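Chain naming follows the written order as A, B and C, and within any one chain the residues start at number 1.
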Amino acid sequence: ETLSVVGSWSGLPLHKNYEQPFWTEKLPAAAGDLDVSLTTHDQMGIGGGDVFRMLGDGVFDVGMTVADYAVADTPALEGLDVPMLADDADQAKKLVDAARPLVDDIYKDVFNAKVLGVAPYPPQVVFCNAEIGSLEDLKGKKVRASGRMTAKLLDALGAEGVNVSFGEVPGALQKGVVDCAVTGAGSGYSAGWWEVSTHLLPIPLGGWDPVVIAMNMDKWNSLSPELQQTVQTGVDQDLVAPAWTAAQGALETDIACLTGNGECPVGDAHEMTLVEPAEGDVATVREALTGTVLPDWSERVGAEWTARWNDTVGAAAGLTIE
Amino acid sequence: MIQPAPVPAAASDPAPAGRTVLLLRRINTGVALSAGALLMLTVAVTLYDVVARRLGGSLGGTDEISGYAMAIATAWGLSYALTELVHVRIDLIRARLTAGPRALMDLLSILTIAGVAMLVAVQGWGVLAKTFAHDARANTPLETPLWIPQILWWTGWLWFALSASILSLVALVAVARRDPEAVAAAAGIDEGAETAELPLHGEDDHRDDSGADRGTGQ
Amino acid sequence: MIWFTTVGLLGLLALSLPVGIVLFLLSVGLDVFFSPFPLMRGLGQVVWSSSNSATLIAIPFFVLLGEVLVRSNVAQRTYAALNTWVSWLPGGLTHANIATATMFSATSGSSVATAATVATVAMPQAEKLGYDQRLFSGAIAAGGTLGIMIPPSINLIVYGFLTETSIPQLFLAGLLPGLLLALLFMAVTVLICMIRPELGGPTARSTWGEKLASLKDLVPIFGLFLVVVGSIYAGLATPTEAAAVGVGIAFLIAGMQRALSLSMLREALLGTIRTTAMIMLVVIGAYVLNFVLTAAGVSRALTNLLNGLGFEALGMLLVIVLIYIVLGFFIETLSLMVATIPIVVPIIEQLGYDKVWFGILMILLVEMALITPPVGLNLYVVHSARRGGSFSDVMVGAIPYVLAMLVMAGALIAVPQIALLLPSIL
């Protein structure tokens, strides 16, 4: 049996630490006769939004990428990663688990794919090259966000969403084209964003950016039940579980490395100002979410998906879309 | 191998092939001007956004729009570059051949362009079909319905495929008529002069000049 | 698979099929013969995604900028002014080519745009004054490559994007090597023309009065440079947006020269679309080939090759340089970067080299790829600005400058400070 696998960003720890060892070593060892070829969407030069479209067509067997990249084809998927609902990895995992039945249906219907698991990227936090003391201070600031729901949330919070392509963000931050930008704390550390920004607001304003691991449905159905079992168990135990375990620790380490508050085992610590989340921040965000962002989403996806979301993710997060 | 047709014969016989190429060239000039206008519009929107951002009123979404403009302008520009004969070809061997084999190379070239353009058009339809089926909208605050930019992009490739197919037919007919000048006009390589001046029937003496240069150059 | 690709590439190119089309055909062949997966089903998506790019739009912007400058005579006057300053050297106007290219490089982010602009203006002078066409056109093709070394630079933006390296730092790092390379090109020209004076054409001496009087013709281009680069450094615009700013300023200058007209606009836009489509067919074809090669596992082979060598840092670096020189013969520059960066840069980082420095070294190698046959876009751009003549003239003329680039690469490796000095002090 051969398996053609396309991973998430080649430069990030999720791929290097978990995807690569799992697909190229652990799974072939567990499955016996299995020839796996692994690459990533960035090395193939295809867009994140192309991955699951191609997966559905059988261009490769397994695709892993950020769910948010696929919401162009299915806005219902935005419900998997609503910003600011989870403060820590445990809570984020709880919400992802609650959303799994929805995600499974979406991938089956839209991408002809079987979901094997959902792994986290570290939460998407806020880097600012401007004095901020709380979420409140984002009002009127020019903020670069990726993803539609985060942009809408920023809008609702009174910030000005600015469109800057990913590669131009450091320059834009440094020169004041934007005041703030949202990305994973770890990527911000390794990409040197601490050089061009001063304040770090460690709240998941961009959500947790969950990565969906899915297999082409025809391929899945063609596997023997034993092999299906081996793959599913392997993904659960050797890919998804360790990635979640590492997620929470990673955020603490990354914050320490960026701000110098604590031990930084991966390199030099830097001196960004850590902005502690203020008392009212969570309430402000929840109000923006329930008042504007989620009703807007609900209108786009219709009553059925709204109801399903309310019963699952909403229930787990203690939110209801009216 | 075909023999080069005597030039006077070709010149005294204004083939419909020449008219087809001229017409296509004219249409594609119009197409290219529209694509150029789209670029100018994108420049204007970008400049507006640069200024507006300073004044606190960013449009948002300019780089999204730039991307669409790039895809659309490129797709439609392809057929203009085709009729202008400027798609890069390596003429190390071709330049050393006589008119007959050269015409065969030109024919092969335009046939492969047509083939590839059709393949992209067919596969490109798959992209558009998925977009329609999913009612896909850009993952941005603009929520652009993707079928709008994609249909403009896809029809550009379709037109490229059609242009190349027409030129293939012209070149095929010209090869059958042993008229290498006509093949070169439909599918040759722009020799560096303004293409508008390129002869379609060999009556322009500029082409003869460059041919002479080439001859003495080797 | 590697043999299939290499032989197929050479064979199809020899048949004089369009370079972009050859890349598509090879992709189809690789899919049919080497991949169990229906890779061509992804073709439409790759073509859409690779051309739907806000980064690539800088290409038509910079080309348009050059077209407007040429059609408003600003480019010609800049050329004439520089001529009075540099043509006393052995090699005469050839130096003006390099100097003009260097100046344009500072406003243009694209080597092809730079070469196109200079070639359009300069090639008629060669014919008028009886210069050796080979050296003359080679100098333009080589000088044009500076467009991506001296900031702004589309390729440095792409590098920064893919490697998460600071683009302002990269721009600073490219400045000194770019200027040194321009000087090296001039030195090579002097050397050749001292050995073979008949290649250099007549040298012309200008009085100081003429030289000073010519300075006013440098004002518009200097103003353009200030606004484009200034808008980036003042935080008014991103590098891509700065290209649009440059177009706006170019139109403003053209208006001030009373050169704006509908027919001028028409010609400028047609020229822009022609060049853009020509480049983009190759770029898209290269993306498709890269997609197929990666999906079929060639990148894995390359990674294994590099990891399996077990060389020390310097040995590994030299192998990587060699690979870029060889790939640079055949692969279009942007795709060469996109395809190899995710493989090579992590290795370079592991070896302990600086990412900013390597970016500059890579740009230098990519510049070389622009003027090595068979796939060397600058050669074609310059050739297309000539009226007739053989393509091999341009190719041969570029060889001395390729050698100069190799010397420069050696210098960059021996003295990394050439690139890293400015970023470290500014």
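Simple rule for what comes next: contacts are C-beta pairs under 8 Å (C-beta built on N, C-alpha and C of every residue); 3 or more make two chains touch, one makes a residue touch a chain.
Chains and their UniProt names: B = TRAP transporter small permease protein; C = TRAP transporter large permease protein.
It should be emphasised that the depicted structure is a prediction, and the values quoted were computed from it without experimental measurement.
**Q** Measuring between mean CA coordinates, which chain is farthest from chain C?
**A** That would be chain A.
**Q** Could you let me know which interface, A-B or A-C, is made of more C-beta pairs in contact?
**A** A-C
**Q** By CA centroids, point me to the most central chain in this structure.
**A** Closest chain centre to the overall C-alpha centroid: C.
**Q** Just curious, how far off is chain C from chain B if you go by their C-alpha centres, in Å?
**A** Spacing between the chain centres: roughly 23 Å.
**Q** In whole angstrom, what separates the CA-based centres of chain A and chain C?
**A** 37
**Q** List the centre-to-centre spacing of chain A and chain B in whole Å, with centres computed as mean CA coordinates.
**A** The answer is 41 Å.
**Q** For chain A, what residues touch not just one other chain but two or more?
**A** 49, 53, 57, 164-165, 177
**Q** Please list all residues of chain C that touch 2 or more other chains.
**A** As it turns out, chain C has residues touching two or more other chains at 41, 45, 54, 236-237, 240.
**Q** For chain B, jot down the residues that touch at least 2 other chains.
**A** If we look for residues of chain B contacting two or more partner chains, we find 62-64, 126-127.
**Q** Looking at the complex, which residues from chain C come into contact with chain B?
**A** Those in contact with chain B are residues 13-21, 24-25, 28, 40-41, 43-45, 47-48, 51-54, 56-57, 60-61, 64, 231, 236-237, 240-241, 244-245, 247-248, 266, 268-270, 272-278, 280-282, 284, 373-374, 377, 380, 383-393.
**Q** Okay, in this complex, where on chain C does chain A touch?
**A** Per the touch definition, chain C meets chain A at residues 36-39, 41-42, 45-46, 49-50, 54-55, 157-158, 160-168, 232-240, 287, 290-291, 294-295, 297, 299-300, 335, 338-339, 342-343, 346.
**Q** Could you please specify the touching residues of chain B with respect to chain A in the complex?
**A** Result: residues 53, 56, 58, 60-64, 126-127, 130, 134, 136-141, 143, 146 of chain B touch chain A.
**Q** Which residues of chain A touch chain C once you look at their complex with the stated criterion?
**A** The touching residues are 2, 4, 10-11, 37-40, 42-47, 49-50, 53-54, 57-60, 164-168, 170-172, 174-177, 187, 190-192, 195-196.
**Q** Can you name the residues of chain B that touch chain C in the complex?
**A** 29, 32-33, 35-37, 39-40, 42-43, 46-47, 49-50, 54, 62-64, 66-71, 73-75, 77-78, 80-81, 84, 86-95, 105-106, 108-109, 112-113, 116, 119-120, 123-127, 149-150, 153, 157, 189-193, 209-211, 213-214, 217-218
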